[in-house]
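The two complexes that follow have chain A in common; it is paired with chain B in the first and with chain C in the second.
Right after this comes the complex of A and B.
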C-alpha cells in the first residue's frame, strides 16, 4: 500500500502527513513531561527547608551537557539543510556530529554523573551524642596518623559538615541555614555526607546443628544437597555432618553462607550462622543501603564499622562509624530522598529519549535507511526533518530541566 | 521542493540556525553566571531561570523547528495553547489547595469578604479541562471524516509568498 502525502502537503492540513504526526506526538510528549515538571515544582515548593538537597548537583557538568545538547540540536538542523540542497555527504557529516554529541551527553550522564552519585553516601546516626563524639574521634584518628595533625581538630570537622549542609540545602549561609543547622546538630538528624573508604566485613562460620528426618527429604537427597555446599565435595563428610552436626564452612563470605543456609534449609537441615571475625576491605562500595551494613548475623552486624571520609574535608575528616551507631545509610540513589526520586525519574526519561534518538539516527545513516534517499529524495529529507523536530523537542526539555534541576 | 513553508532560501536559513545556536549558548552562559555570581532568593531565581529558558525555547521552536514558517500548524498551536492554560489552571488549583503558595488568601478575603474560592473559578478551570480533550477529539474527527481531497486542490496557490529576509 502506498502511503499518501509523504512529500506533498495534504491540502486540508497543509502539511505532509509525517510532520503532522510528529507534531501530535510532541503534543502528547509535552503533557508527559509537563506532568513530571509540575510534580517536581509541587514537591519543591512543598519541601521543608533543609530537605531539598539540590546543592549536590554539579553545575559545571550540567552546563557543559546543556552546551553539548545545544550543539547537537544545531547539527541536526544543518544536516537537514544539506539534504535540502541535495548534498548527501554534508548530511552525513552533520549527522555524525549529532550522534557524537548525543553519545557524549549520555556518556557524561550514565558514565560519570550517575555512577559518582551511586558511590556517594549520607549517613544518619542514632543520636546527637554519637554525632558529636564522632567529631572528636575524627580528630584523634587524623592526629594519630600524623598528617595535618596541627590543622585539624574537632571544630574543623564540624566546620566542614556545616559547610556541606549549608551549600546543599541553602546554597548561601543565612540566619535560616544557621538555625536549621543548629537544630539538626542538636537533635542528631544531621546527615554526614561523604565516601566510604573502607569497611570491616564479617567472616562467617556456617554450622550444621541438626537434620529433621521427617522433613520429607530422603537421606541421600539431603547428603547430595550437603555435598554441594561443602568446600571439598566429599560424600563421606556429608553423612557425618548430617548425623553429628558440625562446621560446614569456616570464615566464609556472606553470599556463600546465605546460599548454604537456604539450600540446606530446603533439605531439612537446621543451620546456624555466626560471625567469626571481621576482615578489612579497602573499597568504595556502590549503592549500599542500611541493611547491607547492619544486618544481624548470629547477633553481630554484617559490617562492624565503616571508614567514612567527609565531603570537602580533603582527607582531614576521616571518621570511623560503628554499625550500631548508624540509623540510616543511603547512597544518592532514587530511594535516598524525594529530590533524588524525581531527579532520576525526569533525567532518566529524558536520557531514554536521547538514547532512542541515537538509534533512529543510526538507522538513517545505515544503508537500509539511506535506501530511501536513492528512491525518493524528498521523502527522505522529510523524514530527517521529522526526526529533527523530535530531537529539538528533546533539547527543549533539557533547556527547562537545566535551570530546574541544577539551579532552583 | 515540498511544502507548506514560505521559508527563506536555504543559505539564509543556515545563517539563522547559527544565530539561534549563538543565542542558546549565550543564554546558558548567562544562567550559569547568574547562579554563581549572585545569591538570589528562590522565587527570583526561579522566574529568571525559567524566563531565560523560555526565550531559548521560543528560538528553538520558531527557527530550528521552523514553526515560524509552518503557519498551517494552527490546530496544533491551538491545542498547545489550551494545554498550557489547562496546565496553568491545574497548577494554580493545586498550589492553592497546598495552602501556602501562592498566598492569595488575604487578597481574596479583602476583595470578596470571604476565604472561599469563588465557584465560578472552579467551573472555569473544569471547563478548561474539558476543552483540551474536546479540541483533540474535534480535530481528529475533522481529519478522519474527510476523504483525502483530490490532488489538484493545492492550497499553496491561495497563499501569497511573504518575503522574509
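Right after this comes the complex of A and C.
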C-alpha cells in the first residue's frame, strides 16, 4: 500500500499532500488567532475610558524582536533554497541561523520583557485625597534619602501623575482626558504606576492560647507537634506551653507563623497571631497581589506600608502608601486588567508557536530527522518547505501583534 | 484491460498485497487493533467510542428524568450507585441533588455533542467510508489520523475523570456561559476546558486529514461531481470543523485564563457573587464568550446534521433503485449551507440586548439558511417518487429521518424570528426543537449507516427482525419524548430545572398569591409520561446493542462484496476490506447513483464499471 502524492504534486490540484495539509492547518490557525484578535477589539472597544493601557510596552525592544523574526523568516527560505540545490551544508547554516533568531526572540520575551513587567505595579487608592495630603506634606522619603536636599513639591508630583495617566490612557491631553482624570481622582479609580522600592513587613508573635484535650490528639502527640514548631528543641517547654499557654515564637516571619498556626491547629491548639512590629525590607517584590499586602493578621495588615516610586519621576516621585490607603495593587500580570490579560494570552500563544517551531527545526537538524534526506531528498525538501509556510505564518501573526500591543 | 500481461500483473500485485496483509496480521495486536493507522480501524474505534458515549449520555438524561418527574425521591436502581461513586453530599440516600442534576445536564450535552455524535457521524463513518468511496488506499496522513483518535480519547478520559473529582464535573451547562462558568468554585469546569482543548485538537487533525484526502486522493476519474453526496457532506463538515472550532478553542483558553490566572476576559466590572465583590480587575465582557461560543456552536449544529444527511442520501439512493433527484442542487445547497452556517450564530443571543440592527441581520441570515436545508430535504423526499423502494432496516431509519428532521427544522423558524424567540427562549420548546434535529434526525441516520455498512465492515448482516423492533420502538418513543416538550415549552416551562418546573407550577402552595406559577397540572403531568417514554427508549436500544455484537460473529453471511447492489466504490473492495482497501486498480467512469439505467443489464451500474 502506498499513498499517492506524498512527494510529487497531484497534477490537477498542483499540491502534494503535506503542502495541502499545512495550508489547511494554517487556515485553522488564522481562525484561532483571528478569534483572539477579535476578542482584543471587542474588549478594547468596550473598555471604560481610563482603563485600557497604551504605550506601556518598550517599543524599541518590540521593534528589535520584530526584525529578528523577519530575519528568521528570510533564513528559513534560504535554508529551503539550499536544499533545492542539493546543498545540505548550506541548509544547516541557514537553519541554525533561523533557530538562533527564534531562540533570541524567546529569550528577549521570556528573559526580559515578561519578568520586568512582573515587578512593575499599579496601585489604586481608596481615597485619592490621601495622595493630596501627601503632596502637601512634601516627600519625606525623598528628603530623608537626601538626594536632592529639599522635599519635592506636591504640585510637581501631581503633574507627573497626571501626565502618566494622560499618555497611558489617552495618548494626548484633551478635554476628555482632563474630565477622566478629575473623575478618577475623585472616585479613587486612579492608578498610580511605578515600582515598589521597599516595604514594611510584619513580624509576628505566635501565642498558644489553649489546647483541647478532647480533640482526639494525645498529649504526647500534641507536645511532639509543639516541639517541631519551637525555635529551640526544648521538650520541657512544650508541656508547659500546652498547659499554661504563652509565646511560642516572637517576631517571626509570616510563613513560619502560618505553618505553626496550621500544624498546631491540627494538633488541637488554639493559636493567636499578632503583629509585634514591622521590619523594613529593601526589595522589589515580584507579582504581589492585594491580599499579599492587606491580609489581616490579628487586626493589622501583613505589610504596613510600601515605598512606591512613580514611573518617569526621576526618583523624585517617591511616596509611602499605608496599607489602609490601598484599594487594589497589581503587578503587570494577566490579572492586572483585560489589556494585560489579552497581552499575555496572545503573546504567550504566539511564543508557544515559536517554541514548537524550534523543536521541529531541531528535529530536522538531528540525525533522526536528517535520515529522510538520505532516503528521499525531495520529500525532505518538501518537509522543510511546509515548515517554512508555518514559520512565515508565525512571523505574520507577530507582524499583527506588534502594532496592536506596542503601538496602538 | 486488453493486454495479456495485465491479469498476471494484477495477480502478482494481489499476491504482494496478500503478503503485506499477512505481514500486517503478524504485527502485534496493539499495532493492528489499538494503535492502528488504518483508516478503517480508526473509523471503528471512533464508532465504538461514539456509540458508547451516546449510550452513556442517554443514561445520564434517563437518570435526570427521574429527578424531573419525582423530585426529591431516591432514584431507583442507580441511586445507591450514584451515592457510592459520587459521594453522599451530591446523592444522599440516592436522591439526586440539584448540583448533581447540573453536572449531569452539562455533561449530557457535552458528551452527546462532542463525544457521541461528532465521533460517530463524522469521524467514524467519515474515516471508514470516505476513503473507500473516493477510491483511496487510506487517508492522506495515516499517523495523524491515529493521533487524532488518541487526542479524542484523551479528551474523553479527562471529561470522564472530572465526574469523580471533588465537586464533580462541569455544572454550567454545555454552553458554559461566563460569568457563571468562571466563578463556580469546583474544578469541574477547568477539567471541561482542558478536555475540550484535546477534543478540538482531535477535530483539527481529523478535519485537515479529511479535506486533504478528498482533494488529493480521489481515484482517477473521480471528478468533483462524481463524488457521492456523503463525501460532499463530509467535505463541508470538515471545513466547518476546521474553521469554526478554533474560535471556541480561543474562548476556552480565555476562560481557562479567567479560572486559573484570575483574568477578567468574561467578568464585568463590579461583579458580585454571593454578596461579595469578586477580586478581579473587571472590564471583561460576558457577551464575548457567547459570541465566541456560538461562532463554533452554530456551525456545530451542521456538523451534527450534514453527515447524517449524507448517510441518508446514500441509503435512499440505494433502496429506491434510482438516482438521487437533483444531485447538483444537493451539492450546491450543502456548499451554501456550509457558508451560511458561519453567519447565523447570534440568533442564539436575541435575549442579550445586543441591538435590533444586529438581531435583524442574524434573523435574515437564519431564515436564508433554511433555504438550502429545505432544498436538501426536498431532493431526498422527491427521490422517493416512483422508486421501487426496498423497506429494509437502514431504509426505514433513513425514511424516518425525513419527517423527523422536517419537524425539527420547521419548529426552528419561530426561534429564528427574534420576536417569537423572546417567548420561547430557553424553554422546553427549544429542547424539543434541537432534539428533533439531532436525535431522531442525526441519530436515526447513524443507525441507518450502521445497518447499511455493517455487512462491509464484518461480512455479515445484522438481524432484520431485531432491526425492525429497534426501529419502531425508537420511532414511537422518540416522538413520545419530544413531542410533549413543545407543549411544555409553549406553556412557559424553562429548561435546566432539576424539579421539572415544580417551583413554578400552579399547584405549588408557595405560588398561591403570586402569578409566577403558570404551569398547569397537565403540563407538569407530562414530565412523568416523558420520563416513562425515555426509559422505554432505553429498553428498545437493547435489541440494537445485542444485535450489533451478536451479528459480528453470528449474523447471516453476505453472499457477495456488494450485498445491497450499490453503485459506489466502497462495494468494490473485498469484504471486509484489507489494509490498503482495493485489490484491483480503481478507475471511475460514471456518476455516483446510476441505478436503473435504461438498457443496462442490471438495475445498478457501479461507478467503476467502464463504459461499453
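We take it that the second predicted complex is superposed on the first by the 383 of 408 C-alpha atoms of A that agree within 3 Å, B and C clash if a C-alpha of one lies under 4 Å from a C-alpha of the other, contacts with A are read in each partner's own complex, and residues count from 1 in each chain.
Keep in mind that, in the parts below, a contact is a pair of C-beta atoms (placed from the backbone, for glycine too) under 8 Å apart; a residue touches a chain by one contact, two chains touch by 3 or more.
It should be emphasised that the depicted structure is a prediction, and the values quoted were computed from it without experimental measurement.
Bringing the complexes onto one copy of chain A puts chain B in a clash with chain C.
When the two complexes are overlaid on their common chain A, residue A:396 makes contact with chain B while staying clear of chain C. Within the superposed three-chain model, A:171 lies in touch with chain B and out of touch with chain C [touch as defined at top].
Of the two partner chains placed by superposition, only chain C is touched by A:290; chain B is not. By the document's definition of touching, of the two partners only chain B reaches A:63; chain C does not. Legend: residue contacts after superposition of the two complexes on their common chain; A:336 is shown touching chain C, with no touch to chain B. With both structures placed on the common chain, the touch criterion links A:407 to chain B but leaves chain C unconnected. Touching more residues of chain A than its counterpart among chain B and chain C is B. In the superposition on chain A, contact of A:21 is made with chain C only, not with chain B.
In the superposed model, A:245 lies in contact with neither chain B nor chain C. Of the two partner chains, chain B is the only one that A:77 touches; chain C does not reach it.
Only one of the stretches 237-245, 399-407, 417-425 or 507-515 belonging to chain C has C-alpha atoms clashing with chain B in the superposition, and it is 237-245.
Common to the chain B and chain C interfaces on chain A are residues 4-5, 10, 13, 15-16, 20, 24, 27, 31, 34, 42, 46.
Interface residues of chain A, counted against chain B in their complex, comprise 4-5, 7-16, 19-20, 23-24, 27, 30-31, 34, 38, 41-42, 45-46, 59, 63, 66-67, 70-71, 73-74, 77-78, 81, 84-85, 171-172, 378, 381-382, 388-389, 392-393, 395-396, 399-400, 402-404, 406-408. The residues of chain B lying in touch with chain A in their complex are 1-4, 10, 13-14, 17-18, 20-21, 24-25, 28-29, 31-32, 35-36, 39, 42, 45-46, 49-50, 52-53, 56-57, 60-61, 64-65, 70, 72-73, 75-76, 79-80, 83, 87, 90-91, 94-95, 98, 101, 143, 146, 148-149, 151, 153-156.
In the complex of the two chains, the chain A residues touching chain C come out as 1-5, 10, 13, 15-18, 20-21, 24-25, 27-29, 31-36, 39, 42-43, 46-48, 51, 290-291, 330, 333-338, 341-342, 344-345, 349.
Per the touch definition, chain C reaches chain A in the complex via residues 17, 20, 136-138, 140-142, 144, 204, 207-209, 211-212, 215-217, 242-247, 249-251, 253-254, 257, 261-265, 269, 279-281, 283-285, 288, 291-292, 295, 579-581.
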